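In the two assemblies presented below, chain A is common to both, partnered first by chain B and then by chain C.
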Partner chain A sequence: MIKKSIYIVSLVFLCVSIQAQVAVIANKSVPVNQLKKSDLIDIYSGEVRYWSNGDPIYVFDLETEIEIRDEFYNLIGRSSTRMKSIWMKKLLLGEGDPPKEFSSQELLINKIASTKGAIGFVAVNKVTNEVKVIKILQ
Partner chain B sequence: MRLKNLPLKKKQHLSFGIVLLLMTIASIFSIYRMSVIKDALDDVTSNWMKRANTISTLNLNCAELRIKQLQHVYTFDETDIKTLEYEIINLIDQINNNIDEYEKLKKKSIKKELYTKSEKKIYSDFNDAWESYQDYSLDFFLLSRNNQKQEAVQLLNNEAQKTYNELSNSLLALVGLSNSNSIDAAKEAEKVFKRTRSFTITISIITIIISILFAGFITERIMNPITQLEIAAGAVGRGDFDIQIDIDSKDELGRLLKAFKKMAVSLKEVNNRNEQQAFQLIAKQNELQFKNNQLKEKTESLETQKKEIEAKNLEIENTMHQLKEAQNQLIQSEKMASLGQLTAGIAHEINNPVNFVLSSINPLKIDLEEIIILLEKYQTVIQNKNLFSTFEEVEEFKKEIDYDYLISEIHSLLKGIEEGGRRTSEIVKGLRNFSRLDEEEKKLANIHDGIESTLLMLRNQYKNRIEIIKEYGNVPEFPCYPGKLNQVFMNVLSNAIQAIPDKGEIKITTFLQEETAVIKIIDSGTGISEQDKQKIFEPFFTTKDVGKGTGLGLSISYGIIKDHNGDVEVTSVPDNGTEFIIKLPINK
Partner chain C sequence: MIMKKIKITFFALWFAVNLSAQVEEGPIKIFGYFQTTFTYLNTYQIQTTSSFSMQQMNMFFQKDLAEGWTALTNFQFINSFSSERFWGNFNLEEVWVRYRLNQQLNIKAGLQTPIFNNLNEINNRTPLLPYIIRPLAYETSFSEFINVEEYVPNRTFLQMYGIIPAGNFKIDYALHLGNSPNISSKNLFGTPAHSNQSGVDTTATFSYGGRLGLRFGDIKSGFSFTYDRTNLFKGLDTAIGLPKNTFEEIPRLRYGADLSFHWNRFYFESELIHVIYDDDVDIFDKDKQFYYGTLGYNIFDNLFIFGSIWYIKEDYYIKSIFLFENDVKIRVYNAGLAYDFTERIRLKLHAATVDIDVLNDRSQSNESFYIATAISVFF
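Right after this comes the complex of A and B.
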């Protein structure tokens, strides 16, 4: 009985850890296939606003499902709190708007698929064929 | 080895070693405890308090941020809005800095295990609240920018208000926690300190007690044998050699006591032998002492006799000396008395005839003048009346006797007689002056007069031969025996004259030096040898041929100068001259 329950608990933990993997996804029109963490920081803090082919970058974020969002920011090395303060400054200085937020990962995937030059992130297991995966963050 | 058999040095080392060990333990313990206290206090200052401080600032900045947001929504002026926005940006930067600072401190505290679970929980609450508040703020600014003021105000006053309250509460809780932890740490430190203090004091007291006990023990160990030794030594000193020493210690003192005991026994034997010899010796010594005393008495009486004789001898010598002086004076006064009488007589006898001569010369001169006038008148008559033939015989006689020459010769002869008379009179005056032998008391007199009259007396001996140079200073009259002083000048000057064989000079200088009249008589004569100089004032010492000098002159002069409380010095260079310096005090 005990053995079985330990097994279950460890399995649950394993699932969580798999879920913690975050995939960075983009619209298929995006001209890059690979991005570094520093590139992601630049894009998500609004420092880089255009792709290499001149298309504007549309940065998407999650409003709910905070675990995934926090995980993403932690993995790229900036806390979501700090990101907010950066955006607040940019907003007040008129240097751009913060990333658009969506209430679910599915909605986010659909929006990326349909928006040219869009970039976002979801849990690895949510990824569909409609978007291309640029980086898996672990 | 037992403790009492250890050498003294080891005993001391052992006891001091133990005391030292205890002290060291106490010190090390105290130092260790102090470091614990220091750590505890460091925790308070470097952890809890710093964290509390950072959180307080954070809290303040958050409150400021909210106020600025509220101002932002109610401001419509574009520039004011811009200013507010810059201020808000600054505040956000400050808040971020505060959070970074807190995170740093947090890391340190976690390392030191000073970060409590409750603090972690509250901080995570704060973090969530802060993120939500930032979300609201972002929304708020977006609304505000889109001129949806109404909605913006609502957002700020409802949801954002709640989140802000949560945020603020978390921060307050954190501050409170840090404060209470600080107090706890301080209390802990104090507790440790008190414990340490009481421990250190206890150890010190124990150390002191042990030290005293050791000191007592050591003293007892050392003093017991020493006391015994002292008693035994006292006994031996009194001559009691049967001493009891009861000690079984084997240290230095134990050995010393044993050695002392042995010594006492051998001393006893020697003493017994010596005692007999001593008795005999004492008897002999007494005898010797008795004889010695007798000898001493005799020596003493001899000594007294010798001293008496010496005293008498001295007395006789003194009397002899006085007698000699008296004799000298007697000789002197007798000589002078006869000489004085003689000179006085001669002076008187000569004075009378000389007076005749002197008193006759002037009338004689007048008479002769008148006769010459008479003769001239005759001459005139003869010329006028042409009576040459009548007086041919007279004229012839006149020529024969060379009349004109006769007249001039008469004049010069008269002058010569006058001069001779005057000089004789002066000599007589000088003689009188010189021989004032009736003087019993001092009289006011001028020494220059005395010197002058003396020179007059001696004139014959030096005239045409010796030049007398006189340099008389301003010496006043003073009470003295002028005759006696004249005798001194006479002796000194005649010696000076006699010392000059051919031509030469004598210099007489007088002057007043303070209250003393000084007379210097310097001759250019043969001088006196060093040997003779020692004796010149001795009576009957003379360098002249037998019968020419008495050898009394200078000794008498010396006596006279001493009578005047004066002094006389002689310096002489043989072949170069002699200098006599006579000093006479003028007030006595």
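Right after this comes the complex of A and C.
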């Protein structure tokens, strides 16, 4: 009985942990296999726009209603509100457009898989082998 | 001969087709913002006014012309602009084309706002600011009674800027080149005050400037400067007994420093600007100083409160004569909030006390109180 309880608690804990994990994914053409949090901040705030091989970076995002979005921005150290104000500033200065937003994680994965140089993020349990994982945030 | 013609025609066609194929034009983007205000002002406890105003409206047209190339125009209308009723102003605020090689190197050509301190570049982007009235030296709607262009450079024509990563730090830089402040304007009768075409520089001098900044995470600081030569005080020299042309093309140095950071839910920004006229005329001190500091806090993601102090000191002071014995100090204490209904609609409340000290042969101090509410909309 105790063994069963421990098993159930562990399973619940594992599920909660998995929910909190965010995978940063990219198109298989992207010439990097790992990125630091500071690199992600630079990419998602439009400071870095090209990969090391010169290909443009296509940055994709999820719509605000999707919970994993806030999780991602909190994990890289910038709240989604702060990111919005950074992008509004860039937009009004003519310095760039915010990342394109998708209404579901499945659509985002499909778009990344078909776009050379694309990067995005989804919950770890949504990742498919059409894309490559370049960081797990937790 | 015919073959040669065909070859030339074919080459011309091939060139034209390839040229157009290389140009990846994006759609034209049209966007803008406006801020409409209600202001209550009690001046020196003598006069009270309350007024609605369309404080500012800007319209942008932006187009990506090709890979790395972008053009933008920005039209600005302020103070309920109406040419029929002689209200407010209409400005061609920015018209530029930019080439972006990479993060480290951007080049902009055309009419544009130079990068100077933290606020100059965004000072007229009202949706980005919690203020209704901006820190004094940046408040364009005050330009009818404060010469804001003496403090900060409003226009330049060629600019190079970028951000250079350096380990955990980033260095940002900007260099700009534009006209001197001596621009030919039309007088009341519609003809240029100078013999030059209106809107062009009347001297052979330029305005040079730049910024060097350092960023670490959410901390940003920097040093900015401009150097130019001005005829702003030309004609005043003989009026105060100095030889004619003493104040012709006086060298002017403006330098500034800025510090801003986000820390958890706190935000802090501050700047100083000093304006120095280098004319070796001790009896007429024209230098100016401006400081401001703002501390804000995000109570919720969509609710921001702030307190801010602004200070201006102008030394229109002639030591040996009585004529212009003015030493003006303006202190403004502000408090306010900004509430975002949506990402694009912001409600603002702003209260301020303005304390103006004018040092003549006897000191005067005037206080006024100001409270305003505004809706700022980005569309």
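Operating definition for what follows: the second predicted complex is superposed on the first by the 122 of 138 C-alpha atoms of A that agree within 3 Å, B and C clash if a C-alpha of one lies under 4 Å from a C-alpha of the other, contacts with A are read in each partner's own complex, and residues count from 1 in each chain.
To be clear about the criterion, a residue touches a chain if its C-beta (ideal position, glycine included) is under 8 Å from a C-beta of that chain, and two chains touch if they have at least 3 such contacts.
Predicted model only: the values in this text are computed from it and were never measured.
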*Assess the superposed three-chain arrangement around chain A: do chain B and chain C clash, or do they fit?*
clash
*First (chain B), second (chain C), both or neither: which does A:K116 touch?*
neither
*Counting only touches as set out at the top, which of chain B and chain C does A:K84 meet: first, second, both, neither?*
both
*asked:* According to the stated criteria, A:Y50 is in contact with first (chain B), second (chain C), both, or neither; which is it?
replied: second
_First, second, both or neither for A:P98, with chain B first and chain C second_ = first
*Just chain B (first), just chain C (second), both, or neither: which does A:K36 touch?*
neither
_I'd like to know which partner A:K28 touches here: chain B for first, chain C for second, both or neither._
neither
_chain A positions touched by chain B in one structure and by chain C in the second_ = 81-82, 84-85, 88-89, 91-93
*Which part of chain C faces chain A closely enough to touch in the complex?*
31, 33, 60, 62, 70, 72, 98, 100, 102-103, 121-122, 125, 127-128, 163, 168, 170, 262, 298, 301-302, 343, 378
*Contact residues on chain A for chain B in the complex?*
80-82, 84-85, 87-89, 91-93, 97-98
_Footprint of chain C on chain A - complex, ascending_ = 38, 47-50, 79, 81-82, 84-85, 88-89, 91-94
*asked:* If we count contacts the way the header does, which residues on chain B are in touch with chain A in the complex?
replied: 85-86, 88-89, 92-93, 95-96, 127, 130-131, 134-135, 137-138, 141-142, 145
